[in-house]
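What follows is a set of structures for review.
Both complexes below contain chain A, partnered by chain B and then by chain C.
== the complex of A and B ==
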């Protein structure tokens, strides 16, 4: 198939229009208060600035600025509450627990997870973007290095999120887990790249470079 | 004045020693080494020979392809040896009617022992008050739902003693229950767990193993078994030894048994006639038969069995190579080593693995003629240099080895290669006895690969060759001897937390194998080397020592590629010290280490021939 610039531009304009139409209301400031109803199954309460942990049994999970507020599902429609639940379950099964922070200063998943790893008592952090892109990171590594990266958001399903939590916990225990097996879909890129770029732009619009990471109290309903 | 090149074509490497010979004076100029191309003794070797000789020439200050600088090439009359290795699994564990779940999930839930009747989770609501039941939970039930269902049944007064579940939810379920019960999870084929049967679940505390279900008398007490039934339960108990969690289900017909696979018989021909040994009797029985038939004239395998196939394959390879009819090829040595092979349990419901016994075999063929002469003519034509075929390999090796400082005849050498272990003994008067034995580096690789479940032979070779370590943080590793090493630069994140091989130049190669530890890999590696090299060292020396008495040997020099290994030489030194023997790695011409012995010997023998 030939991709000509006009067609591409047309698609982008159409998608943008669609997103603006559906996303305009929640993108406003009122969205934050409306969030608990909007994202069923989980409530995230801000507890104040995120501090550095000392508990070796914790894995810190960094979520992006608009995770589970404006954004309700990943790029393929998995509810973000289910995503959180599976990461929690995977970690709990290994005997560890998750502390969640919300990062405002960046929406780059590697830097988010690196921030989480630096705050984590075990030195292991996870970063998850609203569209599903994930990474397991470790303190002392360079930000753009990582332990495991899950770059193709459309192919990450709930069992994979469970396995990400499980593997992060295993790294925290100093074990050597087998890297999480992931699907590969060669069509994911052509199908979702445009959408992913738009979602990224939208997510980045919630960034606040002057705001420090905030710790969240998570309760599932 | 003549430039002489001694070239030793081995099973794995082609080594060159380049020297200037003036009368009786020999000045060594340079050495070269390169991988042997093709099977030793075939015309394919020329490519490897060219690169090895070229390397030596370059180091000596000539051009890489200036072969005319060489006046004479001396090749070894290679001991015509080829080996082959094979693995035979001789036992198999079979479970019928799913009487047992003996797998080891990484994270079972809870702690303790629970006895009850297995019941599907869906039917839990129909369980009556006071019943002792064990719910069997399929993956379609979420852990919250499973925990809620169990809690409500408990509240009704149903005595839920344990649970078996399909997904990895054990800890999650137990964390949501009012009372701790043992939960075995990750049971893959949960639909094959028999329902309505008496059943016992045991989960041991972390770091411990099941104690009740691995003891036949405890199983008998739990299920009220008769003495006859207790006898039948022994394989179940045995299969559960060493697991952290286990389930035993009592079914009317179920059993666990160990089957011996007919691996075939070996027929060993010696001077006193033919002896037969069954491969499933294990390495010791095979080796005793080989000794009883010494000197072995030929070995056959039972036709139609795996062993038979292996023996015929070796014969055919050798026959194709040498143009000798298949009937005239004699297998003259065999080394068998007991191993353990992880195999999936037949009929298991949770993908259980059981360590089955196996036998690894290495065999060796000797023929009287190897086409070295043909190779010599071909080399001469190709390079335009005069080529001689020198003495016997072991003889040459001993001459080369004697250039090690601190040695003199009588001396024995052990040439530990990739395909065979050769030994020779030189008396004070220069007379040499020698032997070639099957089993060397390649057999070690085979054993390591099968015990660790590796299919990649290059990985097995790397495990043999390099020590282990584990990256404990981004900046430090713990080596296999327990010492810690720090690095200035952060390590590659791919090695973090993993058992890795420590290559030269501090390069780390992570081992991507499930459930391994430094200790396990280390003990497998050391055991394989011990079984092959130490056993062969003693066996070889017994054959060459005066009066077959090892104690009459005073000095042993280890040469060959495998002597370069970081621990084999030390293991042999240690084992031979018990016989009062001084054994150590050779240092050819004080510079070469244990390599280049044969090539050096070839050059030296050219001078002796002229006197």
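== the complex of A and C ==
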């Protein structure tokens, strides 16, 4: 995908409008009054505060503040409903299941995933940002360490998301899977970094440092 | 444009690689602005006793943690009144004036506030910045650093690539991982391969900070660089850090005799959505001053992994040049970037490197990809191994010492093979998964990881974990090498561990020669004062740079 100048302009205009509308008030106001969450293909309903699980057969997936609400696709246009579906499928192939939480206090994917791992009954968590950046984490690791990191959002495709779910489940079962092959595109940065900065500024505007993670009921349509 | 008749000229231009780059317009409110944003603070200072009570228009009671740290530790209040009284033009002219010695510039620039420093740089064009760099870098002789990584984290390939890189002249080498748990093996591969290529090589393994410190303490690496600092409190805190915690980490390295530098760069704050509307260069100035305040000897900057951000906005690459120069003006070692892809255009990427290459810096690249970019796990460098003959030609064209030397194919094959065999011996002695002769052979002759087979990754990862659990150190590696006939490599490892005790390479901008001599800003200080002074290329070095093997020699015709 080439950078779409219209998309850029739209994001810039929207964020500017929000800044104007909210004055100097915390931008998280937008998240507090979030409209019913809607993205084609999946429904995400908030169920209340995310709690610490005890089920060793669960992997907890943390998604970012505006995942599948304001943002509908990853940076390369993969629908976020399909991303969720693949992570679920990968995990379920291994006989485990995914519990999804939405994190509001950070949009740093390492801290999101570490939060997920700490709440996870198996101790394994996944973090995914709206633009696609992903990580598999484990409870007892340092937050900025990880089991597997997928730092280049533009090269993460659906089979990779499925493999991430599958490997997370394998770690949860105590196995040592072969890590998901790392895609590396040296030209991803020249093409996408400016756009990623815009997207991250947008996503970060939905952050609320005082809001605890929320558990989501997920149903695919 | 449907239905509009198109100019073939414009259609052709749209198909040029530069049109794949993401150019974006300025956006002042979020800090997507290179330098001199109207929202940057105005310079000011008020001192009571020896304490700064107002800086850049803000009373002390309103300082952020970063501003307080900078005010308390990075501004020399003794000279501040004198320095701040000078105009920005006066100060920038001192930087390019060959009659003003470096030491005088340092005396004044270390007494300026962040907003003042940023404003001085705004008065300069890039040629003036390059002139200033020639005088202001702290070590006289330039040097170069390489990235050595592998998309497969293949230990034998990494060792062979490390050996080739250091044989080609890179004095520091840096690795990171595709899979984080390969970290211990990557450190081991660079340790062994780096010393095979050139005794005295400094190697590092850029990973999570606690891990980096531990492998350093064990003698598996010699320095660290990826200790990141940021220009806004929110980004700092998001990383679970403060200027004080970073200073504490820095002192942990120093107390164990390990070289280290901080990392920062324009664009990181806006990339993380927390630039608070300030220009990239102003925020980077805060980072450089945090580094100075922490007492760290040097800094890697030049945007680094965020180069796509300044690279996308107007005057961005000028700001990147400026940040390197500010680092030098605060008497810090600079590892000056050029280490990440930011463009599809060969013209832009070459031009981006000239402001560091032509005047010379402590480390022109930080680093140059000594592997093909598809193997570069820092997500690609601005130059890679496929460009190395172009680089050698540029050194020769301009008579510039860019830190590399021409090499012969048979010599490179020999050091790659030796590094592979040394790794094979170490793996066997330490009981790690075997390395076959075929693997050594494949890695000796390969261009990149696409030319070699796959390792049994889960087995390697278990062994890498064991390396950490069992407390294996550089001494164990040296013993294994000596036992298996690689006594010279073992001696190199011990030589480097002795450096940790001597501590000379903790001096600013240090590197280690093959005889163990440390060169730094202390015994190789920059003395540039105009033409005929400063770094002078020796006849021997010029002969070396001239001798690219593929040049036609008159005597052969």
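Note that the second predicted complex is superposed on the first by the 183 of 221 C-alpha atoms of A that agree within 3 Å, B and C clash if a C-alpha of one lies under 4 Å from a C-alpha of the other, contacts with A are read in each partner's own complex, and residues count from 1 in each chain.
Note that contacts are C-beta pairs under 8 Å (C-beta built on N, C-alpha and C of every residue); 3 or more make two chains touch, one makes a residue touch a chain.
Here the structure is a predicted model, which means the values were calculated and not measured.
Partners chain B and chain C, once the complexes are superposed on chain A, run into each other and clash. In the superposed model, A:56 makes contact with neither chain B nor chain C. Of the two partner chains placed by the overlay, only chain C lies in contact with A:193; chain B stays clear of it. Of the two partner chains, neither chain B nor chain C is touched by A:121. In the superposition on chain A, contact of A:79 is made with neither chain B nor chain C. One of chain B and chain C touches more residues of chain A, and that partner is C.
Applying the stated contact rule after C-alpha superposition, one finds that A:93 touches chain B and leaves chain C untouched. Of the two partner chains, both chain B and chain C are touched by A:142. Shared-chain residue A:108: touches chain C; no touch with chain B. In the overlay built on the shared chain, the residue A:176 is in contact with chain B and with chain C. Stretch 469-477 is the one of chain C that runs into chain B, the other listed stretches 163-171, 271-279 or 469-477 having no clashing C-alpha atoms. Comparing the two complexes, residues 142, 145-147, 176-178 of chain A contact chain B in one case and chain C in the other. Of all residues in chain B, only 107, 143, 168-172, 175, 470, 472-475, 490, 493, 496-499, 510, 512, 514 touch chain A in the complex they form.
By the touch criterion given at the top, residues 89, 92-95, 138-142, 145-147, 162, 166, 170-171, 174-178 of chain A touch chain B in their complex.
On chain A, the positions that touch chain C within their shared complex are 2-3, 8, 12, 15-16, 19, 106-108, 111, 142-149, 151-152, 176-179, 182, 184-198, 200-201, 203-205. Of all residues in chain C, only 20-25, 27, 29-30, 32, 151, 178-181, 207-211, 238-240, 267, 270-274, 305-309, 311-313, 340-344, 373-377, 379-381, 384, 457-458, 461-462 touch chain A in the complex they form.
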